[in-house]
């Protein structure tokens, strides 16, 4: 079942090591079939060089395995929560990419400091609160999803316009219309974090860009009036 | 038309990923035929591995497409402004290379701190002013070119002697007699930015080099008395 | 003798340059046969590209060569001390990987700042005391092992739960049930050090994670209730 | 003439890009035949991929070309001064490797902070004084050599025990018994600079190692009682 989606999710997973976003098996990509309410995700702890499309696991939105011989990613429930809360997204990536993790550990938002950021993220990429003891000790992965959703709700951030988050003390999740696009965003997040880090060491001035720069660059690439790239 | 120039511009574009100056499609190179008043530029948002010389777009100095099926780079008007204002240059590069972008975001000039800098840049590489709301909301790419030209005029910098700029909140543009040379300068800018960053973290002393060192190293490689390299 | 172990130790050594953990010959891996009380270690100062499984040297727990034409690693006695003091470990790695060395030189513990750390290290990775003049001038390599053992004893750290150390003014040692696993841990240590470094530059807040996060993530991957990965 | 030395110097030059020590043509290696008082050096400004052993230029100790169709490296006179002042050295490397250049620009000595340093450098690697206006405007490259020699004399440093220097506002020179060994030292210098940089950002404590650690590690690899590596 879902053979085409499995192929897409497999290929998206395989891009993570090529884009230097993962060490060993520390990352996972999923993609959803919204009509069937099922998503496909990488199996847990399997080396990338041994993966095949047939290894992808099909799970429902409660995280229960519908098809597949292997255990799904241990982060499956986080993906499930995000798919339920963010209805427009089609793919999700989690990785421990070093620059993004550094900001997640430090608890420092990725402020919008330039056009590289604004081309993809229409505003700051937030860091969540740390999970509480109770949230960690029971239903940990589900609560990881919930703290992401809560952060976006409380701060009034549109997950379609800012398709990334840094989970405090943990690392980044990104998403998008497809698994492939979510992987691309994971790479962009990493590059933006690297640029922000060095800019922050160079100056103590407030270097966030104004709203009109965000408007210009984000809508240069997104929405009805986008004019970057080729007509599809 | 301009088949030889298209080939050169194509090859110059393809060097950007090889020199690790671009992520995804974030860069563009152009080259000009001064006699015809036309320049050749990369199409917008096309992946490097799919580019061919025939994809290069020919535009005039108002940025209008003269030949080509694809949209030219969204930054085409910035290139056009620079070609009009800087009459000696034959090629232009824009990239989002991380070290240079970090300085552009921080708003910190690349001060001349050593011979690596002085061999290519005869003085500091300036950061422009940020574009105003009005400059961003209308004719944005053209105004990006204009702020570069204004910066060089106001600060009295010769664009032939300092073939690079950091656009505030955005990133670097470099130029030179040919597209190939402008790409080389884009790489040098990135390396110089990396060296400057670390030097700035190591000391709070003023470590700009004196004018006589700039004179020595710049003219060792440039002008009638240059003695670096082989006779042509 | 010990042909299978030699092959394993050889392969583990060869992973060090692939994982970018060594410059030139600056690293060594060993693996032990607990029944025979003998361990196999890389020869001293031999280039990785010239190594073969037959070059591995067999030594006893006093560091005396039992088989092999080449000198064993100059760090052999450090390995011997660790095998004697830490009875559960099967393999040891020493490398001069740059991020871990930087912390060892600075004398800064690798505090647990996130899940990447907690997945592998159940608490801070300690820096040892500096060796004294006397400890350096006689039986230096043996004393290097002893200062590691003493550090774990004095600070009450379980070497099976924190399989790594930073020797002050020197660099990291890691260990594990097998040589292959110890190499993996050497890479994780390096990545964790990189993440910690950048987090420490981003904030002056205390960003150590609470004990319950360590409990959750460490035991997600280790022990009877681990649920990361596939059933073996 | 000197065909074997040309081959060695050629191979040593070709290792610079492989060891990631040069950008474009920014580096040069030479090797000397002490009996004939002639040295062989890379031609100026030639791309590495186009070099061949026959391109190497033979010059005498006044820097005059004895054989070769190409101009020798513009830094030839610096090499000549060092060969004359340091009678035991057989090869010299100059590169613009980024970590070492950052320290040279900042004017910060590479203090001995650990065993990685002590294995190769028996004490701090010094930064020279900046060249004066007069020293730069006439006989610049010769004066670059002289300021190196003066630095070692004034600070009482033995160039055989500390085979490297950082020329202020410029970058590193390394040397050794052969061109190949000098290249290896250039790489070690770069790695040591990287480690020192990060250690310096992690702590404000004085983290120089004591003399007895230098004694131990330097003489573990050098001199009559060395015991690292294999008997030759």
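Just so it is clear, A, B, C and D label the chains in written order, and each chain counts residues from 1 on its own.
One rule holds for everything that comes next: a contact is a pair of C-beta atoms (placed from the backbone, for glycine too) under 8 Å apart; a residue touches a chain by one contact, two chains touch by 3 or more.
Bear in mind that the values here come from a model prediction, so they are computed numbers and not experimental data.
For the pair chain A and chain C, there is no chain touching both partners. At the interface between chain B and chain D, under half of the residue numbers appear on both sides, which makes the contact a different-residue one.
Greatest Cα centroid separation from chain B: this falls to C. For the copy pair chain A and chain B, the superposing rotation over Cα atoms measures out at 90 degrees to the nearest 5. Rounded to whole angstrom, the centroid-to-centroid distance between chain B and chain D, based on C-alpha atoms, equals 33 Å.
Separating the centre of chain A from that of chain D, both taken as means of CA atoms, is a distance of 46 Å. Counting partners per residue, chain A has 197, 200-201 as the residues that reach two or more other chains.
With chains as nodes and touching pairs as edges, the resulting graph is a single ring in which every chain has exactly two contacts. Chains touching one another form the pairs A-B, A-C, B-D, C-D.
Residue ranges on chain B touching chain A, taken from their complex, read 23-26, 43-46, 70-71, 74, 96, 98-99, 101-108, 131, 133, 136-137, 140, 169-171, 197, 200-201. Residues of chain D that touch chain C in their complex: 113-116, 184, 187-188, 191, 194-203, 205, 207, 209-210, 212-213, 216, 220, 227-231.
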